[in-house]
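Following this message is one structure expressed as structure tokens.
Each chain carries a letter (A, B, C and D) given by its place in the written order, and its residues are counted from 1.
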């Protein structure tokens, strides 16, 4: 190809670079795929492959488009995959025209670590979360991830992809945790005991290193008889925060007070006469005491998940939902406020364990950077699939019965703690 | 049995009566079953079977227990099934000890029509809903179903089952609607076209008689490409209210503005470059306009589900949830308020059509008397099973792909309207 | 009603009688329902209700039809539900016109106990199974259930419902086994530990009374790591026959020889390099030895499900299927022969435990009288629903992960055996 | 790195090469991943990246192991991914020690195109299928894929990976068919209409180029009311072979003769009195006629799936299964023979459409080279996941209701044919 020819072609072309463990983390594959999917063309101008697995690789591509518009489209997409134009430019910043409204063309975040090119250097965006906007401080020293509804008129919002770089997660290279074990697939006919052991090892290792484990759970934990086992895991000190809703708390307290969940006696599985009223009775008892915390203090609530949280000072957040009975006094009925509370406790989490709840799992998935480990346990494979489709691609799904899974996990954690 | 013997036995026994289509609606079966399950015994003292299918039957039973406590248990259970002691008594009423707190032993409602024996007559409870309490007016003229949190200190609350009678629903006896067709089972390998035709006939017949049809829907309606079909059903006048959440509205508006849902172009299924930002962009447009209604007024929103609702003045309620992006201005973020709004529109509904949403379906199920027809369509059979397990036993479940179901339903309704 | 009026009405009417625990087993409900569903009418001529729960009830009905044809239809249906015309008649018998072909209008069996009115008495049909025909011996002393393909030219086949009486199963009245516990519903969010305990109690009680327990299992038992636990249950003497296919045997032997299932090491869940060849290698080893039994004899196969069966002389049947690899020498590749072998081992079974296999479970369901207890464990609720839809209505479904379920069941059985 | 150092390292190392669209088909990623997963190390000795997307890439790696054993393990694994040692060697061939038995260490095939290095050139293996062995002809001119059970004593069987090269499939680079559209993921909340249109386009395009379309179907096609639509697709000439079992044929004939499927009238969904006997009656009619083909010839069978096959001379294979009623005369009750028949019709298939049957879909998946397009439609997502887990990784899964899917597909194909 003569240099003259290339010149002509360059009219709708642009050089990009990308760096990292390009091949074994599949980043380059995705970049090439995407260009082709979109009808673009490319040439590899330079490619330095890490000779050893600990080395980084570097690639420079000439991406060719059919039109200026097409090139813009390609740029947008490559951006998502971590490729940036070789000539770094400062981002376009536009002021928010009014409170809660971003300027047209505003940049929408992914959940990957993100950097903004400001005053000649790449500044990492603080508090990254998917589907938010980026606001740059007036002195251009900081870049902050913000919800649309938190925008103030005049905030400097990043518009377009220019000057923004994302870093998709790389595959971890060592270790034998469940993440290496499972890849990012759901467990379909995999050996249950082996999976549980590997999750236990991950949780144990994180806690040993003062890491943070957050549990997201739904009422199925109680219905399936697993409440004492989750309570025990909390009592052993493996949980740093519990994010859930009204239903888990109500049924946990129902079980603690009356031995039933949804009116079924959990210990022997018999429906209890008049048991249908127990969950409302439990709510009434909480109302009477004023709060769950006071119930514990008054000695009325003596066991269970909520009890262990209160006793050990483990923070819990009960988010309201449209299907709540009651709801209990500690429930945050405004969902926007509940989101903020959830967010607070997810900050700096190392591993999130999701147990039998589609609603809260997807909500939490939306709030997590892609660097946080996520294990999602549900008897319904659709929950895990949805979680990944919604962008929490790092999640590991375990299709299992919570009622059989949690006793085995608790026993394994106990064994690890003793050893 | 000599009368002497009976006397001895009566120490822990009690006479009950029950009336209705006892056999073909399985009420009597359930009563006998329940007594036996609980280790009780019984004798049929009197049984008048309706000679013809339009006649009522009447049964009087002597129920025998092992102890006074056991008899109380049996009484509680029989009560749920519509059997009342032969000697009618006024209910026990106790004042609520404080706001939001019921007296101990308070009666918990079912979702069946319920009557209170007050001043010598059976008074029907107003606004019956499951898992609530019953408050009797000071003049004992009215009985009202109330949420725990709406109780005021001093309200006269019914305690125990005495003086309360419930009327479990009877099987409808005529007709060829989907309810007769399906029984109360889920469609498992049933002919899809036939089911859809029978649902359409039910909806059409109800609207012809000025009945009220409420649609409860989740965002899967938009993702699966069915939004134009639901919009059309609304445009044809078949829907009286739409109960949903933030996500359906966001994706419907995303689709109306950009042709995508979750970034996938709905019409040809291709992912759109940069499409991941469309749903946030849609939210930003609503914020800019101020509300969905203003977007329609300003001519920015020109089609779709929300557009048809606004244009035709069909009320819609957007309930907030913990997983919301935005949320949109019209979303009621406080779930307790959202429940009240839902409730308002469910009042006097004749048929509720639930489309692809577990969360809102269970919420709505909790608010409905058992006399309202419910059709629940979901690709996941667990949604329907859960709905019924939670007490909405009258629901008919259709396990189908919303994206294939709604076009066929819309076409069938159009055909019926034309004919 | 004067006798003159009745006469007129009788033109298209007929008297039926039915006996049993009519109400608490819901038989009468179903009869009334069915008449109404089909547009018929009825009058209750006589009704003697069992005064106590151990008494039988008796009902005599006058069933009215719109036409002779309609009456035939009603008769057919009532027959299925156990109602017989009050005037007993001998059945119509017609010779089979050729081998494998039944005369037109032949009677099709249900899986309920069935009786034929022969020479003035009700003779029970031998070997009842659903969807078969009934052949009467030339001396009219016996009635035998036969497959169409076993019919010989000239066999006397029952035609129509006349002279046939079926006895739908009655609800068991005592006990605390899983059947009473669960009703005939699937476990949806039920306490897993309690369900498992109650299944264990049932199995243990049956074996204590020299009853017969048959296990029907699929390869998921091995994939999920539960093979050692099923092997242990067999070793403890709880299983009288194992009905399965090629895949379970192949993977069980793969696991015994190499520690893997489908190439994944079961004990720690790691994929084994080259593991994909292990299952074919296992097949090759069996071919080399000549059979599974010889492998055990030669000391090559030393543990696992198949090993325990061979060692303890527990019969196993491996039925061929279109998806088999190999198949192994002991596999019966002709499915008709395999059915006959299955049938042989199901004779006089008291409880059948189905583990993770839709194919074999439905096959076995078809072969069982409705009086045999069936427990079906699968992570997919659709399997249980299908089993019941296909007529095995007595089945109890447990939606759970086999890999977590079987270890708990084995432990519970061990505990019961020790106690 | 000095050449001295390298020499030492080479003791447990080996050079491999691999060629193809290494990056955009993710082959290189998988190779690097696998080496690391297994605790090996590597160095990239040479890497020529295709400058343009139509160019091939080439990589030469030095793979390092901890021991000779470890190196063997790595070699085995790299082999599966298409990497071969740079020094080509002839394969080890060992004679089969007896009929049906392969020599120890025999090579197990994948479903990818496979080549054997014989007499200095790469010879493609004929009839490749997964989990089989490779037999080389005595003159070393041909290599043939064989089932274990077809091995004859003395056959030259390939042992180990030496001299074997597999070619994992590359991503197709052009086009807008469903395969490009969906990637290899299941449709979860994807627009149904768009998916159906793209499948129709693929089928239409294949038939236009004289390609071969095979349909694999289960009885759910009939139960869900879709039989007339599949019949129509056959009548339009879009199907070259139908692979199914006894149940589809029985229920299709039941529907053609009596309008019911499993006793439910398909056209209006009403259960038909006495309908439970219809499927056995249908079997009896076939027995009477002698075969399905004769039923058509005699004018007894006049419509439906089987009728269209017979009328148009489209071959169909009915494979027996343990759950069959009857089975029909044309059913091949020996599953090994049935597999051979299936295989015959799958030869040179371009697209296989699997409709509502886990059993036959997995069986067929096992018989297909990875180069054949597979679309699997089922309401149960587990079917698709299992199909892929079992090695049919190229399959595209559509989670939908067959009864709603097939009418839309038939309509779309009709539209395409007309246009």
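By definition in this document, a contact is a pair of C-beta atoms (placed from the backbone, for glycine too) under 8 Å apart; a residue touches a chain by one contact, two chains touch by 3 or more.
What you see is a predicted model, and the numbers here were worked out from it, not measured in a lab.
Undergrad: When the contacting C-beta pairs are counted for C-D and for B-C, which pair yields the higher total?
TA: Per the contact counts, C-D leads.
Undergrad: Same or different: do the copies chain A and chain C touch each other through matching residue numbers, with over half of them shared?
TA: same
Undergrad: Just curious, how far off is chain C from chain A if you go by their C-alpha centres, in Å?
TA: Their C-alpha centroids are separated by 46 Å.
Undergrad: Using mean C-alpha positions as chain centres, tell me how far chain C is from chain D in Å, no decimals.
TA: So the centroids are 34 Å from each other.
Undergrad: On a C-alpha centroid basis, what's the spacing between chain B and chain C, in Å?
TA: Comparing mean C-alpha positions, chain C is 36 Å from chain B.
Undergrad: Counting only residues that touch at least 2 other chains, which ones in chain D make the list?
TA: Within chain D, residues 189, 382 contact more than one other chain.
Undergrad: Can you list the residues on chain C that touch chain D in the complex?
TA: It comes out as residues 37-38, 73-74, 76-77, 80, 97-98, 100-102, 106-108, 110, 131, 133, 148-149, 245, 273-274, 276-277, 279-281, 283-284, 287-288, 319-327, 333-339, 342, 358-360, 362-363, 366, 380, 382.
Undergrad: Across the complex, what residues on chain C touch chain A?
TA: Going by the criterion above, the answer is residues 176, 181, 189-195, 197-198, 220, 223-226, 261-262, 264-270, 379, 399-401, 403-405, 407-408.
Undergrad: Taking the complex as given, what residues does chain C use to touch chain B?
TA: These residues of chain C touch chain B: 23-26, 28-29, 32-33, 35-37, 41-44, 47, 49-53, 171, 173, 180, 186, 188-189, 381-382, 385-386, 389.
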